[in-house]
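Following are the structures in question.
Across the two complexes that follow, subunit A remains constant while its partner is subunit B and subsequently subunit C.
Up next is the complex of A and B:
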């Protein structure tokens, strides 16, 4: 169509900077999105992605000298209201929806704001909501309470809400972070649909696979600066990681032959009804065994039983040849089993408390001195030992652990458990919410721990992670172990095909 | 800041300087306007009044730091007082000697500990909310106490017991000495023991604490048991001060203890709180009420001022947080 040829870009921002307390959070960045384009804004946490979005949506004002144009119209200053009126919408990771209200109410509630008289027409709400869902080509129950829907469908509701307010440029913040593979595919098809109707979509993500799959261009930020704008065609996963982190990350298979080493943990026929069935596996000293599978395959449940949080119905656990009866996780810790939870925010760390307290939480007896009182000298020594050993970047040990980045928080979790001198380390999705660059750091630590003789069970729903970092890979499906692979013999595509089948 | 001041500031927590400022302000204002305020007699009376409220506040403090609550403190205290009273009555009333007093005290503390342990066990094993559990215990103890006393007072204790409630050692009131010993013990318990550490961790996130291998059930039971013991000590003190026991003694203090905790910077959501600022907050409250009393104000007015005081402190804290946030962002 000739109209397309002259259509202005959806967004044309240049020379954007933002200084917070003397630090340049965003430094002379340009950012352009074409009409109907699917674009990706990539970069690690703290690279300036969020600040840039907040400037575009009028939450922050950029430093003087910025040039801002939305759908061909230049702005000297943008307020949040102007940004919304210009057709920009952001879907944050937490979605900002009302769990207690229905799908229709969530999608169309903005249409009733400012109504005179102040009455709500539910028929109109439903009509507007149904129309928005129809544009997305999605079928949802308009009367379902939002809280009863899975995350993936709530996301669709958030997108529909953006359409109701006539959005022509939608930012999506980490939209696939909590979606399964098939849900992600469904979301991507909705995005393609939007794009075909001329609505531009900007993905803000550090999950790389889908970024490459769907977007036409990637804008990469690092440390507040623009690294560049790249067409995704021909861009590989590892190249993009390098652009984001500025370092070359090795993608070699780390697997070694560990068959001759002594057995540490042995599980035979472990069963817990409804969670996992007839699981047998061995962990050898210095071995990293990968355990992968879809969410709900029983991986976390198995870890919980190995850590004494739940009791298996049948089967045996032996540690160094001794039968283990775990009545609680304190028994497991005492026996030398440590568990890094997949849910770092709620279970892995006590977020409001200090870095120091979180580090010594598991070894209070070790830091006790005369009369059973806690010794602040021993505590400080333990904390600084582990912070140095694991190279954790912190302000002071008294700061709340919540002030740390995901990667550094995970190091504190590791420190807490390593301080107990475990023999077996259960790592349940240790890189959730950790930047690509910091992930490599976590795996370097895992590798070092294995070298020191620790037996490690590495659980992950990202097959490449276990493929690259484990000596053996177990595939769990429907509560059972379905396959055992050697990464040196079985390729990644074969593993992924089996897991995501 | 000089090094010494900075060290004191860090050791005492951020609340202490502000509260001391408040205390000085209150002392100056009443010193100027209230006759007889800056006299030994006035401070003596403050020193005798503070410990009851103080001990009960300590009993409330530990559950609040653990993210819980103990509504049963007053009735636990009086039930312990009743226990001592029954023993003394059994052994001669006003003629009772030291032996029955010691026996009665041990039993009273046992009753306090038992009431707390039951609450702690229900909270730990059933997972019921501490407010509900302690509400049930409060109503149970009140009913039981009224049944046992037929709603009246029990009095007639040996005269020498007045020393405990009204005596002085080297000019320092005995109740104050008792309170200071308890406060120091509580401080050590909360800051230098594994139990105190666990209390704070449980207060912030009990599930994460359990995942880290803390014995959260044992800690919960111990928290409420110790709270009950502290109630019992308060109950024994109240008995000796009033020379009588009634189930309803000090009912009005229940929420004042909560007020004192929050004035002392204890986090209402659990996880954070220290003894020293709470003690200073208690002193400010007592000084306020005695100053207003000397000015001829009604008792109820001073309660109203306590409430306003809490609102004022909240506003000041909000202001301080806002200023430091602005400073941090450098705009």
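Up next is the complex of A and C:
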């Protein structure tokens, strides 16, 4: 970072520890961020990233012995108010914005805070908001209701709001988790812009590609301990994964020749106006077919039609040679099609309910005994079978699903559908919000399932995922299938160039 | 005009419906579009509007209040005995006492909600029963007619004899209604506290993280609603010249319906004073019109039910979506 040599570091924390109930969540970690630097804080879920951020922002107090310095000033203790006054802002993943209020009010929210009632000046609100957006070089409609904006623009609003409170060090928690490629690019350019104006940004992200693209240094944590601080230059994707997980994850292409296997699902000329057009594809037994493309290319919509949630206007679907008429997703389940949705948290699981109840949700009829009442014996057997088979890490099956990590939640969703004994599995972006180590686990399961004869359609917007894990890769663009690739013949750069073109 | 439509889509829609109904009724009944009918509409609905703007603040802050109409009855009884105790009183003391008693009852709700983290509908259903039970118990269901003369004497602000000899007049509650509307508008639109109420109702967790004091927000919302309920109680007794313990029970749902019809969202963060006013008027005009047309009053309840269903089911509908099948399906 060729920053001004005299300027003090934005943040200089050392010997930070935090113990929760005898467990060291953060163990003697040092963390330094230069003024105007774009820094990345990397590590798997549960490595201590969030605890560290909460210590820095004053939510938690560290154990005695910590040395804390913000913009050259030493603190013995930091309260949330002090952290905010010192110029530290956090943009949480859920953004904490106000959907019913206007963009201007959200950005200039600071100006309406305070316990003593004052008159609101809407002119001042707009002025403050416009100034913040101007600093970001972004143009947004100040009077639009926030709820009408796409997530990417709300993110910009959250950043602008941090600027209004004179933030000089902004933490961004998984800022790109729900953004498309081009939205991510726009966000990254805003981050560069901030950095050029001397605002330091700390990225907390699972997506390694953008970590490598944007930051100058990476601080890696693992199991609460500091693995090290590395300059991004010269750091590769696989090296960073190794540092985060402490294990070497294979980056070999898994594709096999599946041409001779029996066809399970065949789609011919499937069309649904405005969503996808003239889609023909086949899935063979034991085959993993990757389906990639930008968000909005029609991938999810295609899955919905294959799962009977929407009806195609034209085209044929055949399963094991028989014509399939899907009037609803019940038909699809009955025919042997399972769909693991994109939005696991909202659609795939009932968060407050137990692990066991979620697992058997799709097979209630099979586990009912005499008189149609649920048999708890059959239920327990089903649950323990799948938990063992998918190696889900749980406390007890009676715990709420919300207590599980992202990777384990994803396995429960899988278990729920596998319990229906499907022939075809549609996996829609199974790794969104799941960290690197757990991703490898999910793909191992996908492979195992394929080896047992399941036909799998793996949808992902991350091209490397399908490149590494699918037997064939289909590229969808503008509602049509644009390319079909064999990962053993076509390289990743060529695929990425075509997808992101 | 364009910016009004954009900032207040529900209110604009409501206004359009109201105008259409008025046009329809004035064609159907010669008595509808008369000065007398118009002023009596205002006189008869002032109390509902005062309740409505109080309830609006609670809805904006993400809560709900079922107890306010019963609270108004409690305030009426307390006022009768309080005025007797101090030897009569006058309008200034009347507003002070009614507002104060109402505020106190509202703060009871706020305290229970905040202190024990119970959802507001549960708390206010309990206080609705508790208030009503206590009132019936202590009053033994007795009516009170001995109101001080300043209270029960009709205060006419403006009157006018029409060509056919009938009098059109506006009475005190209409002025009080206007003041309550203005005060509520200032609170929610023009003060920082009001914007914090919107923010709190919209995203409580976000508001908490931004440092908005949650307990204070509940106290302001339910306190305001209680105060308005007390004032509405004072006005209602002024109109009827008597205090009847069970006179107001049941009115809370009618008011709630009007407020929701006026664009306030159950769940918080949305709603306006204008919407409240239009919501109450729309319900009233419909009732008034059906009356003039000689329709059974039972039919009115049914019509109100249908209006509310329509209003709620279309309030989140963006007209643009109707013409875009792709978006429409996803809505």
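The rule is simple: the second predicted complex is superposed on the first by the 492 of 501 C-alpha atoms of A that agree within 3 Å, B and C clash if a C-alpha of one lies under 4 Å from a C-alpha of the other, contacts with A are read in each partner's own complex, and residues count from 1 in each chain.
Here is the rule we go by: a contact is a pair of C-beta atoms (placed from the backbone, for glycine too) under 8 Å apart; a residue touches a chain by one contact, two chains touch by 3 or more.
What you see is a predicted model; the values in this text were computed from it and never measured.
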Partner chain(s) touched by A:118 [first = subunit B, second = subunit C, both, neither]: second
Subunit B versus subunit C as contact partner of A:365, first or second or both or neither: first
First (subunit B), second (subunit C), both or neither touched by A:105: second
Partner chain(s) touched by A:230 [first = subunit B, second = subunit C, both, neither]: neither
Partner chain in contact with A:75 - subunit B first, subunit C second, else both or neither: neither
Shared subunit A contacts, counted only where both subunit B and subunit C touch the same residue: none
In the complex, subunit C residues that touch subunit A: 3, 6-7, 189-196, 198-199, 201-203, 205-207, 209-213, 216, 265, 268-270, 325-326, 329
For the subunit A and subunit C complex, residues of the former touching the latter: 81, 92, 94-101, 105, 109, 111-115, 117-120, 143, 273-275, 310
Contact footprint of subunit A on subunit B as seen in their complex: 188, 192-194, 197-198, 200-201, 204-205, 207-215, 271-272, 328-331
Subunit B-facing residues of subunit A, complex: 20-22, 309, 328-330, 333, 339, 341, 346-353, 357, 361-362, 364-365, 368, 372-374, 416, 420
